[in-house]
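Okay, so chain A shows up in both of these, paired with chain B first and chain C after.
Moving on to the complex of A and B:
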């Protein structure tokens, strides 16, 4: 220590200074890049839209009233929530076994397997959705194979349906779920599972009483992540859902860019954000009250 | 409480044999310890008994029933894991009751038996705590209570004391032994700590390289080790390399002619000596009396150890009681002696540390 210059040893710094320095860049970035635009957007959503005049300063809730009184818009919100719940459920059910195997494998190819899970993330949403369009079309891969195999006479309609959008969103979100779950399952001592087996628990009992409760923080985190991604999906519903299948993300974009109706677009954006927040909070409170011990 | 039989049990991973044909017969209520260095196959053997590892060959029987290919949840074994493996999201009581719930016992009986198991390990006051609110020693006792509550046919202990500090370890191993005796539990413990093994066992099994080297009581292993490995692993031995030149005469690499009581035929051999059987004030009647020079002395408190060179190639360690005024010092010319029965001769020469260390 004596090699260091004396000022190094004697200079006293308040301990919070270092912490503030570490936190500041991200905080400022979020503040400037997210909170300020959000505040502006919220202000816009209270303005009045007059065709021809673009936006008129006002303090009115009429944009929100318009959304909730028109069954078309409430229908879009309900459909978005439904799609998000269904895709998230599929992600949990399909992702958990895969994440479990990835977390527990002693194979030397483990890193390669994890890379394979991450690989889809290298392909952008839009590129992938374009691929799905080719596969789902009336003469696409799926229909051509089914007709060719003689399983169906007429091509079935997949493109521009809810099914196509759900399949597409699951494909996008599944890697996020798997990676989140895998890291949490890896943190669970394998011996704990063995202890359950040793005490007479079958694999099903072990999973229900030991593995799932201990993995609950990961399930919650993965669910929140994929649910938010699904609620806000844009490219997939636009490309696979087409103009007839509206979800909230594309709806916001339409109001801003095609209708030039910023106040209403702002209102829809806020409704989407609040709906996502409320549903996420509600589900995590529900889970935490059931598995209060596991979280700690 | 049941007899446990292993017949030619083995485990291979590909080409690599981890356990090579282990045969054991453990009587009802016996405490058997599997002792060996890491990688000797003792833990794999224990895990095959518990059902976590499927044997590549052989048979395992608990209470006369073939359990070789039964899944772990259909065998009635109670295991205490090295890491304790308590369920972190359950209270102490819930942990102990888990095995009883899996057996679908009536609620009242579950509560009564879990409480009784906790009383056995003196933790009944901690029933509502979570494992993380307990000390290491307390967690260890919860793990034991959890394994005892199901009244297992065989109790399995996988290095149960290795995470405790030295003082606690001594207390707990005696506690475990007393409980085991009181309940008459057939018990298999795995350890690499020979002192721990010697304290608790009825019989010990020394394993190396996936094989059983010797089975016997503490006295058997110490006084009559089956091979050079056991002589070095149980207690401490000094080895001299050399050859048997004629029956009863061992000639060391340094040219010393030593008397031995062994019946090993002439040829390359190793002589093993226990430091406490050697003396620096040999009586006239001793068979082997040799001059030497003290090269190193360790002061260990109750005993002293003198490293004495007998020839350019041969050095022995002599353990002496620490009596006032008798300490040798470095450079002293001394006479080392031992009886012909004190030296054990093993045919052939193994490299020192013949057991490969594997994790």
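Moving on to the complex of A and C:
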């Protein structure tokens, strides 16, 4: 009987201690290495910081209260959210055409093109910020070109502005968006696009009524990913924004390492994580309910 | 049939079809143009930094006064960059090996076995990817300090402490890529091997392992690259005077930008590009990302 139905063999329950032995090392490693540190950090965020005495054991919410009652800190949070929303919107608009072309191309250079998208993602944020510093400086490429063309007399201020940071973050996050969208578009049958065209749809019509609804799960996944990355950006705001343009990531580092204020630094870290999580959940619920509305 | 169509009927047909065909052709041009702009935008910073690395003068002003390769020599004499590179290489290799040793067996169980707590464990193993780098860095920093206080061992700032933290970010990539490589694998082939008398380890080595090898190779590449390029988390964990390459580049750039740091960046781009090309021979990058 068992010879005739090989599936019987695969369905045989393996001894569960076998599975436990395989997953236990990694599970313990991540549990100890991630969850315990987060728990300690949260506990620290409830302590009190006394200048001169460093950290004093306490059970207080005053670090969180301090953050939300000081307009400087709420300003940093608001600026971070704003930059994250703007950069994510640009990533969707700029990423979709590239993802579509990469998904649909039959070119033999497809693999090369995808590697060109992955390479910048791999070389790290500091290197890419360096590239923008070449362009944005007072005597950088942009200003030299504009002055050379006679369009401006004095170099314009680009480095250490919000614009520089936004451009930098878009370039950092765009590959993530493109790769996410590309894999989803590849899963959409080309025949449905042809059907729309054969029924007389214009390309814009087809994209809006057929392609975008079908690609919505990918757009959502890419949006969430790039939004999280933008909220937590570190190297780009530090290098292109300078010390006066504060975002949440550098703020955590400053409080922790430079001010040595661990309780407050811990609180900011948790506020950043919770804010990212809440905004991500809210946007995905919003999109999902609208999507269901449109489909129903 | 086509050949026998009267000329006036052909005209009528094409008159109806032409606007639509035109719209599609324009649509295609606009699409390809937009795609090329986005790709150019992604690559622009790498091209600019490469350009600067070959400038003759030290100040990045335009147009360049001439070209030179002397900055690549300057990199070799810069102790911070050389040591940073060696530390990053060491940590990246060690963290990738540890991460794979932990993640591959776990992926095997997650992909192939049904056991209690499979979903939550999968989520936990992917979590280091979701927790922001800065938060991860602060949390591990306080953890390592607590460990130092408890054990008296110098953890913070040590290479071992850095490797331990980096293995944590290798694991989620390895779990993701290796479990995905099981998707197209038919378990009855393993059964066949066993029925033909192969012992479990031989079955694993001769049947299962070759099937998931692309996933493991991809996991090794991604794990190494994520460790090598990690900035936010490492920032908290490096010791005084001992930094990884990305941190050395960041700290240099906070001070100034010149062709020396651009040359270091070019070397990093070349190294990672080479790693990608080598990996691509074993597993098509476009199929795993």
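Here, the second predicted complex is superposed on the first by the 261 of 296 C-alpha atoms of A that agree within 3 Å, B and C clash if a C-alpha of one lies under 4 Å from a C-alpha of the other, contacts with A are read in each partner's own complex, and residues count from 1 in each chain.
The definition used in the following text is that a contact is a pair of C-beta atoms (placed from the backbone, for glycine too) under 8 Å apart; a residue touches a chain by one contact, two chains touch by 3 or more.
Predicted model only: the values in this text are computed from it and were never measured.
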Touching partner for A:200 - first (chain B), second (chain C), both, neither: both
Which superposed partner A:50 touches (first chain B, second chain C, both, neither): neither
Partner chain in contact with A:118 - chain B first, chain C second, else both or neither: second
Contacts of A:278 with chain B and chain C, given as first, second, both or neither: neither
Most chain A residues touched (candidates chain B, chain C): C
Contacts of A:41 with chain B and chain C, given as first, second, both or neither: second
Chain B versus chain C as contact partner of A:231, first or second or both or neither: second
First (chain B), second (chain C), both or neither touched by A:152: neither
Chain C-contacting residues of chain A that also contact chain B: 197, 200, 202
Chain B to chain A touching residues, read off their complex: 50-52, 71-73, 77-79, 81-83, 85-91, 98-99, 102-103, 130, 132, 146-147, 150
List of chain C residues in touch with chain A within their complex: 20, 23-24, 26-28, 31-32, 34-35, 37-39, 41-49, 51-52, 59-63, 102-103, 105-106, 108-110, 113-116, 121, 124-125, 127-128, 130-143, 146, 164-165, 167-168, 171, 175, 187-188, 191-192, 194-195, 225, 229, 231-232, 235-236, 246, 249-250, 253-254, 257, 261-262, 265, 268-269, 272-273, 276-277, 280, 284-286, 289
Sites on chain A touched by chain C in the complex: 6-7, 9-10, 13-14, 16, 18-23, 25-27, 29-31, 33-38, 40-41, 44, 94-95, 97-98, 100-102, 110-111, 113-120, 122-135, 137, 139-141, 144-145, 170-171, 174-175, 178-179, 183, 197, 200, 202-204, 228, 231-232, 234-235, 238-239, 249, 252-253, 256-257, 262, 265-266, 269-270, 272-273, 276
Contact set on chain A toward chain B in their complex: 189, 191-192, 194-202, 205, 209-210, 213-214, 291, 293-294, 296
